[in-house]
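Multiple structures follow.
What follows is subunit A paired twice: with subunit B in the first complex and subunit C in the second.
Now for the complex of A and B:
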């Protein structure tokens, strides 16, 4: 009896093996006294994580990603604390999932919000310092009358191209990333480098094969971008190229030495001259709410945006409405116990739901093809109806295909919900002489809504962002003419975001992120309103 | 389906009555027959596209036009040609990504659910609400940020950066907590605490209780969450398209899209064959697990 009390107490008190008890108390015992198999496994695992984390910290330092360094340090401290502390029980179980949630959900959400306020995108990809050296590099020209160097092209152990020349009797070698530097142990014959340790001289065939790469390669003369770079046009002679641009760090201006035009940084993250002309690339700056207002303020975009905006709502609403009405209708029709083989009928009717949506959408895209699609060719006897290329028909097709994809879900849900409505309610209604339609409207629907309404709200939110369907079926087309981003009549906001970010030539991450945030706010507000309404339904 | 029959039992009795008492003849035609008509129409609508794609997959060298006459020719040529297009690599990638994601999701979700269900710690309630809030901003909306994050990560951990399957898995695992945790949390709460208490008295560590007792008790929900996660990552197109770039790394969704992208030149038969191969296992899985999935639907995963 006394032994049991002790064992029970040991949950709270520091564990002390009760005298005479052979069984080791493991519950809260210290690993120092108890090297169980589990502890060893933990040691190895946490050690492994520490090793990977440390490697990450070192590489992140070398590429100067300070945010990643900071995150990794914190994460490692948290992991080691959680798994070696005896108190942090809950943390042990929560931590793995939380780390992923933190990085891939919470961070990306915050980062979206941050990027939305910048001009991040093509032409504004990096910091100002990077932009300055890129401008200097891009505006290089061969210095008039500069010396020509016999050039040797080699590859280093990583396969990177290396240029080697002899200047003032000294052999120099450099790559794209490493400026020219004295080449130790180079063999020089008649002012030309013929061999270099750890390097291989490129043969004629290899030079021919990598010609473009060689012509594009610029090897900086020194760490200072203003000193220019070594380039070649014929793969045998190298010239020093210097930038026609000159950056003055003190005045923060960029001067074109040929024309004398002075460029000053503007608040759009670019160097601009007095006459308004700018030089690319620029750099990332905060642009305030520009991205958020752009869709309304840009004349070429406004009409398209407004139409996409309205269509997104129409599409989401109609999707929910059509699938729900058909699903409910079928659920009511096949809820009749006199229909036989209902199980089989249901199984066949939910087939569209079982197939991954991306497959169905692509199949429908083929079937709806104007010239050669199954629908026009076979079912309509060769009619060339432009299902996917006429603005209104394309919208109709999108709704139709979505109905095909989505009604089984509503069918399942409604069938389930119908089962939960007690039969007595119907019976008394029938006794009172209610007709079927009246029963449907006054009894079935309200009772059904209690359980189904939240799902309708969720379905609305899902369809608002139903990217795959739109992208697979119509690709957003038919496209609008004259808009600065490639968008079309069936694009919804999320596919517009994709187009702005990746498919419209110029990648505009800032604008795309701002649209994402707008979508989030709209869907969030509507869902919140919807769920509040639903809760009120429940109270009825 | 079992629960349903149990619930409809009174109705069934009524049915037999009705049948006996003459839902026959004209009344049967009026009240029941049309339901079969509706069923027939709906089934034709549901099944035709499927027959069409199966027929196209069997039509060798089929273009879009050539696929219109159903089952004119039957040959396995398209399926054999899938190899050359790299389809099996895509399928392999999808299987790896979805399996690892499913396992990771189950392990991390279950661990979190266990913590929320069994431990009382500071910030527990807030943590649960926070989890719901974090899920409010769906990953599909953050794909630009995910792209930029992976672009940066590529310099530090190339294996987690853009164009890496592991990178994609990690992105999917970001959603491991959230809805799944809630689903499992509810289930964990139904496992009686007395079991833990008894085990604890016998000297079991929390780890032993979790791995050997709790996880065994909740296996059904683990299977459901795992399969739902598998199916949803299998069907994901947007994030896979953003993350994966080289054709070798594509998943089935991205690969099949590339096959069917341009209708005029699309190798339609080949695409159809790929679609059949990719869809059949999912459909079978779905049919087999219908009742779990239908149950899970009400808990949040939506399509349509």
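Now for the complex of A and C:
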């Protein structure tokens, strides 16, 4: 939204009013009094942003997300100040970028860090209040052998809800506080109460309006709470329910009314009894460094870890190396003026780059199929080579497909870098009698590396986390035989995290966040070291 | 109470319209049909709005149903199409924020995860539960409570290409393979596998060795005890190795490959579900559906999958949601219509009795004794270990099938204990 404002601002800014009488007037007018077309447009656009922001604030308030409310209020104040103050010229251009940086980068990073310290995941999905209400709802059971009653919902003169049913031919009515009692003067038609003195029967529309109240209402069957209470879920049939679990807000305990076992909240975000048994669902709590230490202490993760760790490095290094060598070779070849139709060939080279990587990976997966793949069937005449199911061939396939996906990028980068090397340098080298290989080694490569090396480091970091390729092409397979977590020979660290934290049945966002932070630290350290090394190249 | 702005606004608007026709006190069901005196101009067209999530595979089936529901009750249903890969995760993560739908249409094996996260509300069928196929209600039952209303049942069976083999005399799976080989085409029997394995399609064979994933009680419901270990499981593992060595089963044949092969007439038999048979009949194949013959001596029981509707634990419209899910979706005409639209056997007995299609009847017969897929949340880890180990035995990576099978059982037990 705010970007549009900028675009508009810069659009209407250049056609300044013609010099002459307009300028002096403009000079001493306040923006608040300057009702030029551009200003009105700005007013409308900022007003729109304000309206949307306000809607966001109200929505956030209604779901009690105070952090979002605070952020939106600050952002709105900043937007209005930046676009209406005359002293905030730079902010006009910086602000949209800053807002997006905050939303998409900083917030995501902070949130990931926060989640890494919680037990957020399946079974610990929400707040404690939600967990308590879910436990209560899941443990409210229909009293065995009790009847299904056609139920009528009425209101008394105060608007309080009343449930009325017919039991053994007798009309009964009750409210939250008054247990079911014989209803005097009730009209009954085919086992359903249709009218009651001093009460009004609620129609479907009125029921729809007070749904939450109706569903929450429990009418005690008798003075003894153990007899259960009448409730309804669809406003037309009532059942007698009894609660197995009871929550005591003061003591913060959950009690099983049938066994008498008392459950107290533990520091893992669950209600636990003395014998260690817990009730599901739990809620999100801070678990400190548990997720991080688990990455190193869990025996089930350890077995295949070293192999995956080494393969991740091998995969990232080989991917960068192969794509760079091929890209550079092609760039040098197509940079030679003697090659005909260079433009067409260059365009063809970039083609794989134009197809989204994950689609390419899927297509390759089909082409590498042992039985029906194009490679085996057509090119190799029906050979049944297990490209994706043999551990070493699968690794080879992964690197091969990544070469196909990655060389156009290196080709573009190298072509650009080559063309920026001045021709005189080559000319003088040739005059000094240097042979092509010598020129390549002593002139082209060093000059090229200055601009390309940082990109190689970045490419390494990208491939280190190249989840899409692995997931789409091999799914990490072929799997290791008999490991206690299902991971495979081509899994890299990030796909192992996915497999362990999500595909193992229970989703574990906290654990996954912690692991991805560990990977981030690793990639960060390598990149930092790499960039330091590349800086040295510039000193040539 | 958390409440969304749209709901608040809707309630407010509703209240305003209702003040105009306040005081009419009839009992609801015929509210919209009955012209209200004096309020003709402000009769509320809508009594509320339900939000319902459906994935792309089920949305076309649901569209006409919700439209009829709206004409009948005046409750508008907002169908939101979600991608089938995301719908389940999105539901679990969004319900706690108050952003989720009122109703979600899905498969019964989501139940465990939903209950474990407290995002679905129990529903009450009362005495109606006897009107459904027993496995259908069983499928949505978790810890003694029912969490979903079933509307359709599906399972896999043996599908025969009548042109290649007009009659099946085989009573065991080995005889079936021999019969398939005698037909002289490329594959004797097709059972889809793929690189990661497919335990679902092998389950009829496995149960014929009396090795169900979890032990079952007499009524067919599961306990939480692994049942696929021990001698029976080892026998099945050895049998798998044999099928792999004979190239009856092949890791290179995934779902797409077996479908194409069967369509191309390369095999007389395929073990698959109703989702492919429509493609077969559309392509002009003459097919019959039979129970899978036993491989290990006992009856081959496939998994039964049940489709149904869940209600969000945080629905702002609990009464309307119950009205739709419990009282509307489970009626005989609606279930029959869902069958017409979706081509799956209805969960309601009276509606199922009206189905005359021989193909579906064949699936029904094959799945009659099947048990629902287990819905415990840890099942996800089970599938992974299970499929991986099976495909490793079939492909020959695990040269000792018994050892590999027992390692798998240990790993499964560890995964259950760790959860």
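By definition in this document, the second predicted complex is superposed on the first by the 319 of 540 C-alpha atoms of A that agree within 3 Å, B and C clash if a C-alpha of one lies under 4 Å from a C-alpha of the other, contacts with A are read in each partner's own complex, and residues count from 1 in each chain.
Assume a contact is a pair of C-beta atoms (placed from the backbone, for glycine too) under 8 Å apart; a residue touches a chain by one contact, two chains touch by 3 or more.
In this text, all values refer to a predicted model and were calculated from it rather than measured experimentally.
In the superposed pair of complexes, A:103 makes contact with subunit B only, with no contact to subunit C.
Once the two complexes are laid over each other on the shared chain, residue contacts for A:416 go to subunit B alone; subunit C is not touched. When the two complexes are overlaid on their common chain A, residue A:148 makes contact with subunit C while staying clear of subunit B.
By the touch criterion defined above, A:250 reaches neither subunit B nor subunit C. In the superposed pair of complexes, A:235 makes contact with subunit C only, with no contact to subunit B.
Contact with subunit B, but none with subunit C, is seen for A:455 once the two complexes are overlaid on the shared chain. Of the two partner chains placed by the overlay, neither subunit B nor subunit C lies in contact with A:431. With both complexes superposed, B is the one of subunit B and subunit C in contact with more subunit A residues. In the superposed model, A:59 lies in contact with both subunit B and subunit C.
When the shared chain is aligned, subunit B and subunit C each come close enough to touch A:369. When both complexes are aligned on chain A by C-alpha atoms, subunit A residues 59, 63, 369, 371-372 touch subunit B in the first and subunit C in the second.
Those residues of subunit C lying in contact with subunit A across their complex are 1-5, 8, 11, 14-15, 18, 23-29, 31-32, 44, 47-48, 73-75, 89, 92-93, 95-99, 113, 115-119, 121-124, 126-127, 143-145, 195-196, 250-253, 257, 260, 313-314, 316-320, 322-323, 326-327, 377-382, 384-385, 388-389, 392, 395, 397-398, 404, 407-408, 411, 414-415, 418-419. Those residues of subunit A that touch subunit B in the shared complex are 4, 7-8, 11, 23-27, 38, 56, 59-60, 63, 65, 68, 89-90, 92-94, 96-98, 100-101, 103-109, 111-112, 115, 120, 319, 323, 330, 333-334, 336-339, 343, 345, 347-360, 362-367, 369, 371-374, 377-378, 402, 404-410, 412-413, 416, 419-420, 423, 451, 455, 458-459, 462-463, 465, 467-468, 471-472, 494, 497-498, 501-502, 509, 512-513, 516, 519-520, 524. Across the interface of their complex, subunit A is touched by residues 1, 4, 7-8, 10-12, 14-15, 18-19, 23, 28, 31-32, 35-36, 38-39, 42-43, 45-47, 49-50, 52-53, 56, 63-65, 67-69, 107-109, 111-112, 114-115, 119, 121, 124, 127, 131, 134-149, 152-153, 155-157, 170-171, 173-178, 181, 200-201, 203-208, 210, 231, 234-235, 237-238, 242, 253, 256-257, 260, 263, 266, 268, 271-272, 275, 278-279, 282-283, 286-287, 290, 294, 297-298, 300, 302-304 of subunit B. Interface residues of subunit A facing subunit C in the complex, by the touch rule stated above, are 55, 58-59, 62-64, 122-123, 125-127, 130-131, 133-135, 137-138, 140-142, 148, 152, 192, 194-195, 200-209, 211-212, 214-215, 233-237, 239, 280-281, 300, 369-372, 384, 386, 388-389, 474-475, 477-479, 481-484, 486, 503-507.
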